[in-house]
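Both complexes shown next keep subunit A, but they swap its partner, so subunit B is in the first and subunit C is in the second.
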Partner chain A sequence: MKMLNLTAGALIAATGFSSAAFAQTTLTMWYHGAGNKVESALINQIIDDFNASQSDWKVELESFPQNSYNDSVTAAALAGNLPDILDMDGPIMPNWAWSGYLQPLPIDAAQFKDFLPGTKGIYDGKLYSIGLWDAAVALYARKSTMEELGLRTPTLDKPWSKDEFMAAMKAAKESGKFDAAIDLGMSDKGEWYPYAFLPFLQSFGGDLIDRTDYQSADGVLNGDAALAWGDWWQSMFKNGYAPGTSEDPADHENGFIDGKYAFSWNGNWNAVKTMAKVEDVEFLPAPDFGNGSTIGGGSWQFGISAASKHADGAADFIKFATQDKYLAAFSDAIGLIPATKSAAQMTENYKEGGPLAVFFGLSQAQAKKRPVTPGYVVESKVFQKAAADIADGADVADTLDAAVDQIDADIKRNDGYKTH
Partner chain B sequence: MRSSLTSSNRAGWAFALPGITLIFAFIILPFFLAFGFSLTNQRLISPNATRYVGLENYRDLLGLAVVTLDAKRDAGGAIERDAEGRPEFPRVRSVTRNPDYPQYRGMREWFRWTGGDKAHVVIASDVVFMKALFNTCLFVLIVAPLQAGFALGLALLINQRLRGITIFRAIYFMPVVVSIVVVSLLWRFIYDGHDGLLNNMLAALSWGHFRPVDWLGNPDTALGSIIAMSIWQAVGFHMVIWLAGLQTISPTLYEAAAIEGASKWQTFRYVTWPGLRHAAVLVLIVITMQAFALFTQIDVMTKGGPLDSTQSLVFQAVQRGYGLQDIAGGSTISVILFVIVLTISLLQRWLTRER
Partner chain C sequence: MAAIQSDTHRLRLIVRYLVLILIAVIFIFPLLFMVMSSLKSDHQLLADTSSLRAFLPVGDLSLKNYAGAFERAPVGLFVFNSVFVTGTTVLLSLLVCSMAGFSFVFLHWRGRNVVLSLILATLIVPFETIAIPLLLEVSKLPWIGLNGLEWGWLDSYRVQIIPWIADGLTIFLFVQYFKGLPGELIEAARVEGASWFQIYLRVVMPLSGPVIATAAILKFLVMYNQYLWPLIVVQQETYRPVMVGLQYFFQLSPAWGEIMAYLTLITVPVLAFYLVLQRAFIASIASTGVKG
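Let's turn to the complex of A and B:
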């Protein structure tokens, strides 16, 4: 018994000593990439490097699967258990900032002046989050198909017009070689819808909400431009150019590679895999439906929780993680667009002349953020349903009217989502 | 007089305590919370204070009205007709978005019937909820009798002393043991509109005459497909309850019936069926309650689409509470569902009471 006491005492003494010697403060961090080995290895590498680079802070990581990540953060926030550092999907940031989960980054904005606009999470004039990468969507096509169908290759300066795009759809369908002309990924009924399809609506001249004050969608989501978008959107499915909402999810991953579709509206995260299997794949810019060619911007970003007592340490980590070498490492491993031009030059795919360099241009030139308002989380769901219903054949005007009513009622119920 | 529940029964209470605590914490308390939330504007996350709003949530869900539209007339007063000779009516939005009718603002068409040059349109404040309510009731009405019937048939089939009968029992019971999420995913492949198993099978059986149907992508077939799959999935569970009921019937009754010269049908009608009375009540109530809770199949297979043809009440409650962050709206649906299920259960109890 005495012996045991002695050992325990020694143990306590030893632990006491060690913590006194290092005096590191622990910072907790949450990340959405559980289950993804490559991503985990990268983020762990950054954390190890940071912990070794200084002696004040020690970052401890907890990873969550992406599907339940937002729920976990919400639950933790309600219970008052948020970590110091957390990552978040760009468009949800305003909601969390408004709800008081986040604090503005205590970092000089000049630090990030070279970053792509889509990587900066700015709400209410303050920088709340910063991303190591952005994502972009492009029209996947095969060079051989383009030649066979006699189509002009669109460029950033001169994208396809609506007529050219529809002519391409028609030609692809009539060639009889494909199940459908284009795969739009309609089975992915989630954030993919506003991310991938809202830019079409914007290109028609409509939008999800009036962005001057974010108080109403009336006249924007059900105006003439939006109705024109709805008619066009419905025609894509009615004419059999694209598989509808019951598309097999696997076909969005592999359908284009397997030659089921002539085109695919797909993200750059599938580009590396597609290049490996389709030699003459090309990544074309979005068509211009009259109001410019745009794509969605804003991917996962890092921020600091409002409850954190060590914002300075968290800021140190974020500064450390946003070094060019890490931006490049992430890009090389999972094909994302590095946030800075200098980092892009260090990567395989995005350096000048690299196979994916076009995405860097797309993101820089065309990326338009989804509405930056706390109400976006609801508006996104309303848009998903409206776009799916119209694709399924619902009356365009009635569906968009209903969507407007739902968005406006939600804004009213939340007292206009005013910041406190 | 002190009942045995309160006197010298500490051990009993101690054993019951964990269960009672859990039921209270996870069923009774949330129910009262839901009722409370349904009278407020409670959000999932919001810095704004929650306000009491009275019955507004119930009005937003249950609001119904009928408007009558007159057919469009041209300058000469003749009714305008479309290509098939049917009268043309002005759009419903000419009423619901008209500042002259503020009471209809935000309502949408649910369904309509036409008589002569007038169209009567039922408009609802929340069409999605109305469709969910209708679909859920339809689901229960079809699933309850069919599932109970099939389960009884299977139970009669496997209630025999044959070699290897346990294999059949195991096979019929298997879908119950597999997670409903997995089953739903598998059936999504089976129902695939392009090269799903069901389409391929029907094509093979009809020597290629059958044209593939997009089972889950077509508003006319989606709910039916989910109903068929749901009946198949849980039929084994109720089969076991029936089987338990069958095995409590004394063999002497069957012997007596045989001696009396009863036919197979008479034996079933006058021996088996009366003996299954308690099992029947149990099966009916359990199926009804499970059917009203329809959620997972919808969430995995269709997400309420296409065109709201597979919306269900529980799916809508979750969708609103978490998707649209409207806890108050989700709670309101839960309370309405509770009232419906309670009413039906009480009705079933009364109808099947011992007379």
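Let's turn to the complex of A and C:
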């Protein structure tokens, strides 16, 4: 009987050890791509490759629709139900880090030294998130229109000045060939506003908040430069150069393609579709309104939740997913800008001489992140409203003063968004 | 004189029909737009929105959007989830709320007016204000299921059903309706020796067709259109309902044709439910009342 017990014990021990050696610890992961067939296929491929590449970790994916993703994450954080790995839109990362949803990546930042600046989520001196791609905005134009209107083609080194840009608007309007000179996408009153239009304010010399300490917007959002931006912004609609906030959403997608507008201020995610329909489309850099030519940076990035007990495994996955071959695969499939130059060379569109290579240059040279502060989630909403109100004819100074008051009150209410 | 009266009558009829047609058009056109748009390509759909073509089956029509919708999202699963959650909640709600209403009207227990007032007071509390506390509560509740004792209700059907079974409005509807029932019926049944449960089941409920239909329709609409609650308590696709599923179609460039196809598909259960209940509703009205 004793012998039998010993044998059974040995068997159990042996089975236990062998299963431990082969068992993979499950890592849960959330991703914002539900409903996006191409993106889902790619992310699943990366996960399958990772799970097969080693025996320690097994990543299990749960996909969410992008529109409601942030609400799901916030609710899960409250209920203590966050996954190990999650992705997030760049500008919201500081808020989630400050709220305690995230932990810094246990990965040496030097590993990402070749990544585009917009793909690195650094808050409070620590790397919290890393992206496989960045996005960029450019001025869409037709070569034929540029020639007809006698306009100089701007370059990264020598973008249009404010005068040149306004002369282009005037020429396009006076040609009588278009419904309006430029489509700015005014119907999309979400994150598009700060992403696409804040760079104009920055180029005028203003900003959404004083970035030295992120404690106040006074003087930057309602200073002389910001007032000049507001007057110019309002003039774009008053003079009929751009359709206002009542623009048909369909026109931001198809207006330029259908020839309704001479120019479109649009993202690189629409570039592939536009190239297929407009043979001589060109992607031009943002104008320089006096303080440099700037566009918005920062797209979706991976991070690790503060609740994760397997940060090392999650970090292994993130390192695995940020290989050049996956950056290139994402770029080829969904048209976004790969995070590294070496990955860009592996893609059809972004390699040197490729039709979208200009976007890589734009992102590298001009991308400026939206304010890296937890308060950005409120500030972006305030900016959306102010930009829309000014476009609708509201008094510029009053609107910007009110926006500053709102932003400053929010910062005060949150005790300066100091880190815990 | 008779001719003038007849003319006035005809004019009134014409005006009445014109008003009715106008109202019908206002209600039918959005549905027509949805169905027609679901058959068009995105480009054509958007181009047609500026004219009456939006409501007509013109241009290149196909079922491609429907195929696209099924490819993009597990439509069948979402519809099943919503129908299951909605159906279960409606049935349980009718049972629980009618019993509560019965108790408030017919059982003369002490303090019932205070309790009823408290329940009615919940009508002025918007759900959004209690969503987060409720989320924290359900995330820690115990449950005994197939795997034994578990903690937390998140990611399940029960979390979408149980908190919605009893509500002030449905109880109020039953209370109001029961108050209007003839007291002689209840007294007669009591004299005959029926228990309260028998009276509830055999006397009161068979007479309550209209209120059951009304409460069921209202509850159905609330449940089928649930968005915020399932969004915050359900993280797994397996349990997602139709309204959260709708978000699958809003990418950077929304797939409008597929959105219309999806909306058409998820409207089918609502129409079916309404048609079934409409018959029950009419039948119950016809058979209600104390028969001579």
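Just so we're on the same page, the second predicted complex is superposed on the first by the 398 of 420 C-alpha atoms of A that agree within 3 Å, B and C clash if a C-alpha of one lies under 4 Å from a C-alpha of the other, contacts with A are read in each partner's own complex, and residues count from 1 in each chain.
Criterion: a contact is a pair of C-beta atoms (placed from the backbone, for glycine too) under 8 Å apart; a residue touches a chain by one contact, two chains touch by 3 or more.
The structure presented is a predicted model; accordingly, all values stated were derived computationally and were not measured.
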Exercise for the section: Could you classify subunit B and subunit C on subunit A, in the superposed arrangement, as clash or fit? Expected result: clash
Exercise for the section: Using the superposition on chain A described above, determine whether A:D389 touches subunit B (first), subunit C (second), both, or neither. Expected result: first
Handout entry: Comparison of subunit B and subunit C by subunit A residues contacted
Key = B
Problem - First (subunit B), second (subunit C), both or neither touched by A:L78 - result: both
Practice task
Kindly classify A:S68 by the partners it touches after superposition: subunit B alone (first), subunit C alone (second), both, or neither?
Solution key: second
Exercise for the section: Look at A:G100 in the shared chain and tell me whether it touches subunit B only, subunit C only, both, or neither; answer first, second, both or neither. Expected result: first
Exercise for the section: Please work out whether A:A34 is in contact with subunit B alone, subunit C alone, both, or neither, and reply first, second, both or neither. Expected result: second
Exercise for the section: Mind working out whether A:G244 is in touch with subunit B, subunit C, both or neither, as first, second, both or neither? Expected result: first
Practice task
For A:K143, decide between first (touching subunit B), second (touching subunit C), both and neither.
Solution key: neither
Problem - Partner chain(s) touched by A:N254 [first = subunit B, second = subunit C, both, neither] - result: second
Completion exercise
Among 95-103, 113-121 or 203-211, subunit B is struck only by the subunit C stretch 95-103
Fill in the blank from the handout: Overlap of subunit B and subunit C contacts on subunit A, residues 71, 78, 248
Exercise for the section: Can you check the complex and tell me which residues of subunit B touch subunit A? Expected result: 41, 43-48, 91-93, 96-97, 106, 108-109, 127, 192-194, 214, 216-217, 219, 303, 305-308, 319, 322-326
Exercise for the section: Could you please specify the touching residues of subunit C with respect to subunit A in the complex? Expected result: 43, 46-47, 49-50, 71-73, 132, 135-136, 139, 152, 154, 231-233, 235-237, 244-245, 247-253
Fill in the blank from the handout: In the complex, subunit A touches subunit B at residues 71, 74, 77-78, 95, 98-101, 179, 189, 244-246, 248, 377-378, 381-382, 388-389, 392-394, 397-398, 401-402, 405, 409-410, 413-415, 420
Fill in the blank from the handout: Note: in the complex, subunit A contacts subunit C through residues 30, 34-37, 62-68, 71-72, 75-76, 78-81, 248, 250, 253-254, 267, 269-270
